[in-house]
Amino acid sequence: MTSFRRILVWGLILCSLTAAAACRKKEVGPPSSSGRTLDIAVIPKGTTHEFWKAIHSGAARAGRELGVKILWKGPQREDDRAQQITVVEDFISRGVDGIVLAPLDDRALCAPVRDAVREGIPVVIIDSGLQGSDFISFVATDNTKGGVLAARRLVEILGGSGDIFLIRYQEGSASTTEREQGFLDTMMKDYPAIRILVKDQHAGTTTESAYQLAENLLGRFPDVDGIFCPNESSTFGTLRALQESGLAGKVKFVGFDSSPKLVQGLRDGHIHGLVLQNPTRMGYLGVVLAVKHLRGETVEARIDTGVTIATGETMDTPEIKALLEPEFFQDRD
Amino acid sequence: MTRSPADDLVLRMEDISKSYGATCALAGVRFELRRGEVHALLGENGAGKSTLVKVLSGAVRPDAGRMSIGGVPYLPAGPIDGKRCGVSMIYQELTLCPHLTVEENIMLGKEPRRRGVVRPAEMRRRVREVLDFMRHPEIAAEVPVRKLSVGAKQIVEIARALVDEARILVMDEPTSSLTLDDSEELFRIIHRLKERGVAIIYISHFLEEVRRVADVFTVLRDGRNAGSGRMADAPLEAIIRMMVGQEFKELFPRIPHDIGEVLLSLDGLKGRAMQAEIGLALRKGEILGIAGLIGSGRTETLRAVFGLDPIERGTVTIGRVRFEAGQPWERIEQGLGLLSEDRQGEGLALSQSIADNVTLSRLGPFSRSGVLSLGRRREVVAGLMERVKVKGRHPGEPVAVLSGGNQQKVALARLLHQEADILLLDEPTRGIDVMSKAQIYEWIGRLAAQGKAVLFVSSYLPELLGVCDTIAVFHRGRVVDSRPASAWDGAGILQAAAVGRTGADREEAKP
Amino acid sequence: MSGHDKARIKILLNWLAPFLGLILVIALFSLMPEVRERFLRPANFKSVATQSVIVALGALGMTFIIISGGIDLSAASNIALSSVVVAYAVNVGAPPPAALAAGILCGGLVGFVNGGLITTLRLVPFIVTLGMMGIARGVAKWMAGNQKIDAPLTWINGLMAKSPRPSWLLLAPGVWLMIVFAVLMAFVLRRTVFGRHVFAIGSNEATARLCGIRTRRAKVLIYSLSGLFCGLAGVMEYSRLTVGDPTVAVGLELDIIAAVVIGGGSLAGGEGSILGTLIGVFIMSFLRNGCTMMGWPNYIQEIIIGAIIVAAVGLDQVRHRRAA
């Protein structure tokens, strides 16, 4: 009986090997790279937040304009470093022509990026930094500047003094840590009259976890005067907590990034300032730089896509409106 | 077929055939059932009784044959369809929901309702009616079934069939887990059901019991009709002859054996599940039978000896060593082996192979520093299977595919392989066919002749009387009396088991 | 057809079903024109193998637990904790072998505690390991100070390198470890007394006791062994991430359990095999890999993997019904 089984196993293995070999023989070899559209993989940190949808839309526009194919794929959760590594590796295996990556971790993604470079695949880093210098360009918001802007705006509406929270985003996320740092440094250096009640609490990656944290903090310090959140999910979670506890509008609130709900909050006076990046431009430039590099042009090593602040008064000006409500990528092709 | 009026004929099955692959389970079987009749369906395990009953219930579709109920052709699409046509089954393993109450169980699936809302009063009324009819008003309708004794559960099961307006009731080994008292009660209920015109198909291995309760019988052998007739006209020997198909001389083969020194003695032993202290002594080469009602503490005693239940008081002496506690693995090392009464729940790992089940308690002979030699094990197991007559099976097959009798032989083979010196056998012949029983009696005799000591718990008095050297009778957790088998007769044992017993000890039914 | 043949065919079918699944998945992507020629490249198989190491190591231990009729929900948390322990140890200047041992032993300790609680308190494995899932995750976050731990690079980080340092290794050392341990564990499961005891306990614990198996001791051993494998998986996770991340592998226990189940393991106990489990792991890895290469969105692979789990368990049920 065992011998029967053994024969069968080997038979199966042989079959699959010959099938594999046959498949490969039929292929005449990869078509030369000049005569075919380029495949550019764009790997965000996550796929659900509005921010990434805007990046997708920018990348897709660049794809249309330059005639390259965009492969869009991110990890399922925004803190899954291991899965993002897997996605990068799989795209390397597929042999894409270029990779645009928003690394979840400034260190963990170094090895796969190095693998890509070794395979001759250029990598453009967007949104968050990566250690080392294996990538051809870094396209991102100047996050520290964003934090500074937020701090100035919060002090302005508080009238120079008050008690505030800094609700942090997630451990190990470089871009938000820079925003938080910029915010904190500005507060401590320039505005000694501001008291920071909370500065070491992390909201986590989901709206739900941010909501819970904000709810708990508001329960403990109901007399807080101002709050800053460094990204969209934490801003929205905190906004919901403020609205639920009836403090919305009373507590001065500055957030980061945009989404329809946050725009509505700005309009209702529940949010007093939103620091805006330009994700569409980031996605667009990421792809453009990768293609330029592939076409033999030199590209800049660092591009700042800029930050602006939107307030209730400025939100309807055309340039702010464009940032507040970027075109989102809708259909998957 | 002219002696009864045609309208008395409730069920007619003709030329029923059914094959599973190459095995022919039924070949042209004929079966007729009349109103108000108790019809015993007899045969060894594998003779086709359960297949025939499954065909009747609708669970199995026959390959060929015709059925009619009350003259109307009957071709059930499934068990539910069968039930609708008045065929109800009462299985060996009860099929009640333990957490639901008596009335919920009885009315399950047919709750009286108005616009989807259950009508509790109507439900209660119908349940009371049927329990009263069975003369069991003491069973409370609102009690969860798990709190009832096994006997009461069976009554609930029958009540459920009655509410279904069953015309044909199939009882498969209904008394196998009942106490004597509960069995008597069951027979009374069967009598009342007969008066009501219900026809009953009665399957049992207890031939004496069948003789008492059945009017007519049909014997199946190898999937064919082997004989039928009126119970009163046929002597027991004739029926057994029909079942086994050969002259059945020695059901209890006597193998001469000598009795030596005491190997196992219990002194004031009380395990956690036991009701009182027990003292017993088992000698080398002795077959000591233990009789008693279910719940009299027989199984519990064996479990305490074997270390399956913790010992509270007293000692177990094995050879010359006294123990106040012990685990099963220690007892096995000391030469004990236990055959569990619960073959499927405890005795065997059903999904595992025959080889695994036989060798689990002693893997030593095939292993060197923990690594097994599977080839050698297969040889040894094949040899054992030959010895215990598990036929046509491969050691690698899972035990689940074997018949009850063969499963029991596998469990016994484990004790043989273990080379246990002291065998504790708990109901070793329950629910298995006559041939297998006879083989088991023979081994017990041979083991005793080899100088092993056997403790033989059974509820079947003829086998105790036929096989044992000594018989001890348990009652309410105590040893009533222990005498040589020749000094007992069936009536004496029954009386000893029942002395001082009131109707109140239903609660003592085993957990 | 004789009983022998029937039994043989049944054993064969049980054993083949997962293989067919794997071949089907590979065939599916081999037929896709976009990725076909890339998908079947040795380099891609190499990266799939590397991606499978962590789940596979966890699943080796889980196979023992599931065969014994238990479950370990804390596996993924245990992996995270072990990876943090390694990073922590490297960070405080422990020599790499010591850090590696610390990670593995930490995993083993968590498993030992699981087994101890299950046997002494007589609690259901589901509850004990559900609790341990939170405890281990919490301890990991606490040890890491709610951050990731950046530890200096050592040779441990080379364990999961797709291009191994001595290049004659061909595959990452982690992949070799996975293969060696899989062969070893398959041997232990099939050919040793301990392995037979694991099956017996899962098939019917009462029988196991009746046959003199010291079930408690065996269970503690099974959970500890599984913990050790989680610890090793944690080391590999650290090696891959180069940081000790307490939030890594959330939900990975379900992937691990799914791999065992797809490979023919029965949650009722008494059934399963190392080969099947590995096939389960590779089915999921190849699916992820193929879906990514195709650029398909995540939800497609989630739906496919979900469907495969249900199909595998359905098959399990059918097999059981046929056996009954």
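A, B and C label the chains in the order they appear, each numbered from 1.
By definition in this document, a residue touches a chain if its C-beta (ideal position, glycine included) is under 8 Å from a C-beta of that chain, and two chains touch if they have at least 3 such contacts.
What you are looking at is a predicted structure, and each value in this text was computed from that prediction instead of being measured.
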Problem - Central subunit by CA centre of mass proxy - result: C
Practice task
Taking each chain's centre as the mean of its C-alpha atoms, give the chain farthest from subunit A.
Solution key: B
Problem - Whole-Å separation of chain centres (CA-atom averages), subunit B against subunit C - result: 43
Exercise for the section: Please report how many Å separate the Cα centroid of subunit A from that of subunit B, as a whole number. Expected result: 69
Completion exercise
Between the Cα centroids of subunit A and subunit C the separation in whole angstrom comes to 31
Problem - In subunit A, residues with contacts to at least two other chains - result: 1
Practice task
Enumerate the residues of subunit C that touch no fewer than two other chains.
Solution key: 11
Exercise for the section: Check each residue of subunit B and list the ones that touch at least two other chains. Expected result: 396
Practice task
Write out the stretch or stretches of subunit A touching subunit C in their complex.
Solution key: 1, 4-5, 8, 12, 16, 19-20, 23-24, 27, 30, 41, 47, 71-74, 76-77, 79-82, 85-87, 89-95, 105, 107-108, 110-111, 115, 118, 171-172, 202, 332
Handout entry: Of subunit C, residues touching subunit A in the complex
Key = 8, 11-12, 15-16, 19, 23, 26-27, 30, 35-41, 43-44, 47, 50-51, 54, 146-148, 150, 157, 161-163, 237, 240-243, 245, 247-250, 288-289, 292-293, 295-298, 302
Handout entry: In the complex with subunit C, residue positions of subunit B that touch it
Key = 21-22, 306, 308, 327-329, 331-333, 338, 340, 342, 345-352, 356-357, 360-361, 363, 367, 370-372, 374, 392-394, 396-398, 400-401, 414
Completion exercise
As the complex stands, subunit C meets subunit B at residues 1-4, 6-7, 11, 190-194, 196, 199-200, 203-204, 206-214, 266, 270-271, 323-324
